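In the two assemblies presented below, chain A is common to both, partnered first by chain B and then by chain C.
Our next item is the complex of A and B:
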């Protein structure tokens, strides 16, 4: 025997610290897939009308878009294993046009599947413990959270076990599958809110009480769309094991009393707004007090302990020093690498590790799109250098949450070869945009080409860094899927007399100090909007008190006047 | 006061003709029933008769009716019909659970209106045990679709959480 030992591919057998289905979960998804196959067959046989089929397919993430069906795959709380991401790449190639689109709700959309093949796609997903359940429809949608959950240094607790508990509890809930409208829940485990919880139907902020026991501040009634409203606090502190019962009480009040007479007034935000937060809170508390919840709380505790065990970090190398000499040297020697590190690397809670953020916003690209080859590259890197785990962010980027500092340079090089090393995280070209008129049946204007044009205008990285932290968010219609209300600069594409018109809002913020942007003035034509954005940015650069004053801080200090002056005075 | 020839009732695992009759608010009250009245009629001038009379009685509710108004007649009601004005209107699911779990109702709980087979499982889980189905395509659909979920994540029936808990208890004993 030769003494040569073949080196096993490092990490190839890594089991990531994410939730793994047990026999019940597997059976559930398998049965649901068979059920949907039956529904599709009855639709094709004419036993179901399109009207009857529509809510059924929506409950399974199937939309009828402008050109084709669209399948939205759930990525619960934005956490993926390498195996799952590789499967998504396979599906993109076999059933779609070789790419997928990561969404603002941490999901993935396939834009070109055929209806008859969707049950096969769902079977492919079920094999890797994935599904498309409740990614659309008037039901409880995929629960979203902080993309850095479990690894952020500023976190109180990892919120993902709670998200998983909510995922299971909300899956095919018999009482809450035909709500007045869609229902979105977001959870943050950090006081720095990266999950934009105030813009959700229910927002949950993890807290600890005076004795250190975990719980939540429970908010309700947030939402964007045509009536942007920030969520209000219903309970300042809810003991954590009461979560399911209390969320159930909110849902029941909403299901019974939410408006059903007008689709545009059917979200819970309208109920909270029309009743007033005090009356709404009283209704929820009365419903909650009338029920018996002790048994459910005990089950929640036991179940949470089981789920938490899945999320225990495994495989970290112990006792790594805070700094890695090789990494430090590379930063000093390679200016391009250094620029990417400054923008895309985030501090990890474990010494010697980093959070690597992968921008899906190359200049001129479609925000959130990834090809099958890119997905495979990320999956391979996750297995080799990242404990087999990937996150999807609500800003439509990807994350390798656990990379040793000493591996970061190699990861960066591999990302660069795949066109994934754009160093623009959080900068002006890291734009959120909805699919807009290029795909969506609801859209009134294009949004992807606007994002591309703005990114091209600001392609110069030095200029982007000079501008600093500036979030542009673009929606192609009033439904606000591009979150324009909470963009520092928000752009809303409307249609006025058959022509696209883009309305600008300033001062929105999705973070812990959430704010809805204010409309600046009359809209701009498609070929004017990029100039208008540049004028706004130049106004900021000329007026700010040095680079320490961010765009949002500058806007808060001076208000809209200088921007209006610069944009409209010459008109 | 007639049976609707265009519909069947699905209950206890089979289709049957409906023995219940929907009573209009101004029609005469049958001596024996079984008759289904509105909440308006139940709580109106005839309420005393329904409370003590020998007539088999049921009530049909609209989604906006207050469940609390039923309390005086709860022991007398053999059937409560909750109407799905559209199958996408989910209010009767909550009403059914409140009747079963909080008001202790044990009689027939009937789903009327747009009752489709794909909602059957959810309705049953919320406490419905009687389903009025239109003949024709809807009925064929009921006969064709037989795929049900055996795994549930929520109360009121035994949920996955409880089944896992039971497994853990086995492990502790072992």
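Our next item is the complex of A and C:
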């Protein structure tokens, strides 16, 4: 019997600890779907012009891209149930071209839906408590968080109930549905920031005060794009139950003073930057002080308690030992398995469990893409071995957040059969890449084939491990969906004299010590960029003070000079 | 003289289409080529009518080069658009038999 033979039948009733729709939510999403069906019918019948229809389709996540329509499906804070992931696989097969693309905002995009069928897709999504609302438009977008929320051993508090509270509060919020520009909120419950909160319009870091009471450090004014700026601290500690009122005050200040005259200056980061953090903070505090928030705080506490009930850890086996002899033996006996464990497995807060990270970056593959068959494999594994839950990471990978140590080997084998056991998490081939000009109508250059070529160049795992922690992030235009500004090596695809040209930045960091990378020098042609990356990596390897000095530490010590010398001296 | 063809997206499906003699075609090689301002105006006029009739959206002219029966967009963006994703040769128009001939 193969180790991949699974223990529970598919469809076993595993209910993950995720928010479940109540009757109100169900009705709301169903009505919204029916409205969109009607809007599409009216558009096709000529009763709505494109100008009238476009904002309506965008409010439902429907874009017109380079080759076709694109549907962006919301995955709130990157959490999916097995049932939902299986449904996404079904949709990919029935309505699209058999695959989906996981994005840096923990969402999923279908690249080829036909407009006439999108209402059917939305209906299919609604059946499993999903939708595409607020995945576009100048509203509060999908709230994102740490992919290991609720299970990370280093976590202060579980951010997911707060994300859900923000989601419910912001969904179709009448005051905040027509902001000057889109608005992104990210929350981290761990001091190790895996949600890149400083690059968001509002970033929330969960904290406890001296007496152990929960709260947030509130940051505002971060964003990448044309003008990359890191968020600044507005409040060092905000008591947790004041969150909605305080976020509301920030949004109100932004809604009132944010620029609507110039799209490129409309994000809150420009307002914070132009006003200065002190003046912005004073405006927010004045707005906050002008209100009476006791009732709102009481409501926040009550709502949070209701939502938290959905996130209670369920189904963990009690009293499992820290170690599992079968797992230890497999690590000892199987070098390949051991390598994957070292790279892709993370400690869980519950003894006897592990967090399994699934790389969607096979060497030469398209970062973030998963076929319908792969989605089904992951859904099956989640159901049989992972309490029915899956997470999507902003680095475009997937996670099985609750796997018993004794099941890890079987999970790894099944992943391997599906082409999902690449042991490269956090290594140089675990590249973030936006769709770029292979799909995106706004792109100035391609990003995916650059990621593929770099990953192929560094395909040798020993070499990748020797290089260590090195994050490459690639965007196909200045909008920076590929987060290139915060890549250790960032690559931005531009157009120069009618051909693709790639600009390199070094020293960016999305973590707790967030930093914007600095442009290194003139750009590189499409067929030069992989060599340029290799030269940068070789410069680091030759100059570092041993493997203990990471790429970022080396760059901080020596600056850009040796890289420039290696790249440009011979030009 | 620069030549141009007229492209748009099909409203109901979203497909990239080009204006041909007998309507809209998915293939660039079948597109009508305008080589002077009068011909361009004619293409734009037909596209405007079909936009009005809710058949296509976002029509615009695209520069092309053509010789010996082959036609290619000048800008790389339009070349990808005419073919499909460069990273998925199995998808888009490039996957249609004879599409790139």
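What we mean here is this: the second predicted complex is superposed on the first by the 561 of 571 C-alpha atoms of A that agree within 3 Å, B and C clash if a C-alpha of one lies under 4 Å from a C-alpha of the other, contacts with A are read in each partner's own complex, and residues count from 1 in each chain.
Quick note on the criterion: a contact is a pair of C-beta atoms (placed from the backbone, for glycine too) under 8 Å apart; a residue touches a chain by one contact, two chains touch by 3 or more.
Everything numeric here is computed off the predicted structure, so don't read it as measured data.
Engineer: Looking at A:452, would you say it contacts chain B, chain C, both, or neither? Reply first, second, both or neither.
Structural biologist: The second partner, chain C, only.
Engineer: So, A:525: does it touch chain B (first), chain C (second), both, or neither?
Structural biologist: Touch status of A:525: no partner.
Engineer: With both complexes superposed on chain A, which partner does A:138 reach: first (chain B), second (chain C), both or neither?
Structural biologist: first
Engineer: Let me test your reading of the model: by the given contact rule, A:44 touches which partner, first (chain B), second (chain C), both or neither?
Structural biologist: second
Engineer: Which chain A residues come up in both lists, the one for chain B and the one for chain C?
Structural biologist: none
Engineer: In the complex, go through chain B and note every residue touching chain A.
Structural biologist: For chain B paired with chain A, touching residues are 87-91, 93-95, 97, 102, 116, 118-119, 121-123, 125-126, 137, 140-141, 144-145, 147-155, 160-165, 168.
Engineer: Which bits of chain C are touching chain A when the two form their complex?
Structural biologist: 9, 11-16, 51, 53-54, 57-58, 75-77, 80-81, 84-88, 91-92
Engineer: Quick check: in the complex, which residue numbers of chain A touch chain B?
Structural biologist: 22, 24-25, 27-28, 31-32, 34-35, 38-39, 42, 47-48, 52, 55-56, 138, 168-180, 252, 255-256, 260, 290-291, 296, 299-300, 302-303, 306
Engineer: Under the touch definition given earlier, write down the residues of chain A that touch chain C in their complex.
Structural biologist: Interface residues on chain A, with respect to chain C: 43-46, 50, 64, 66-69, 97, 112-116, 366, 437-439, 443, 446, 448-449, 452, 498-500.
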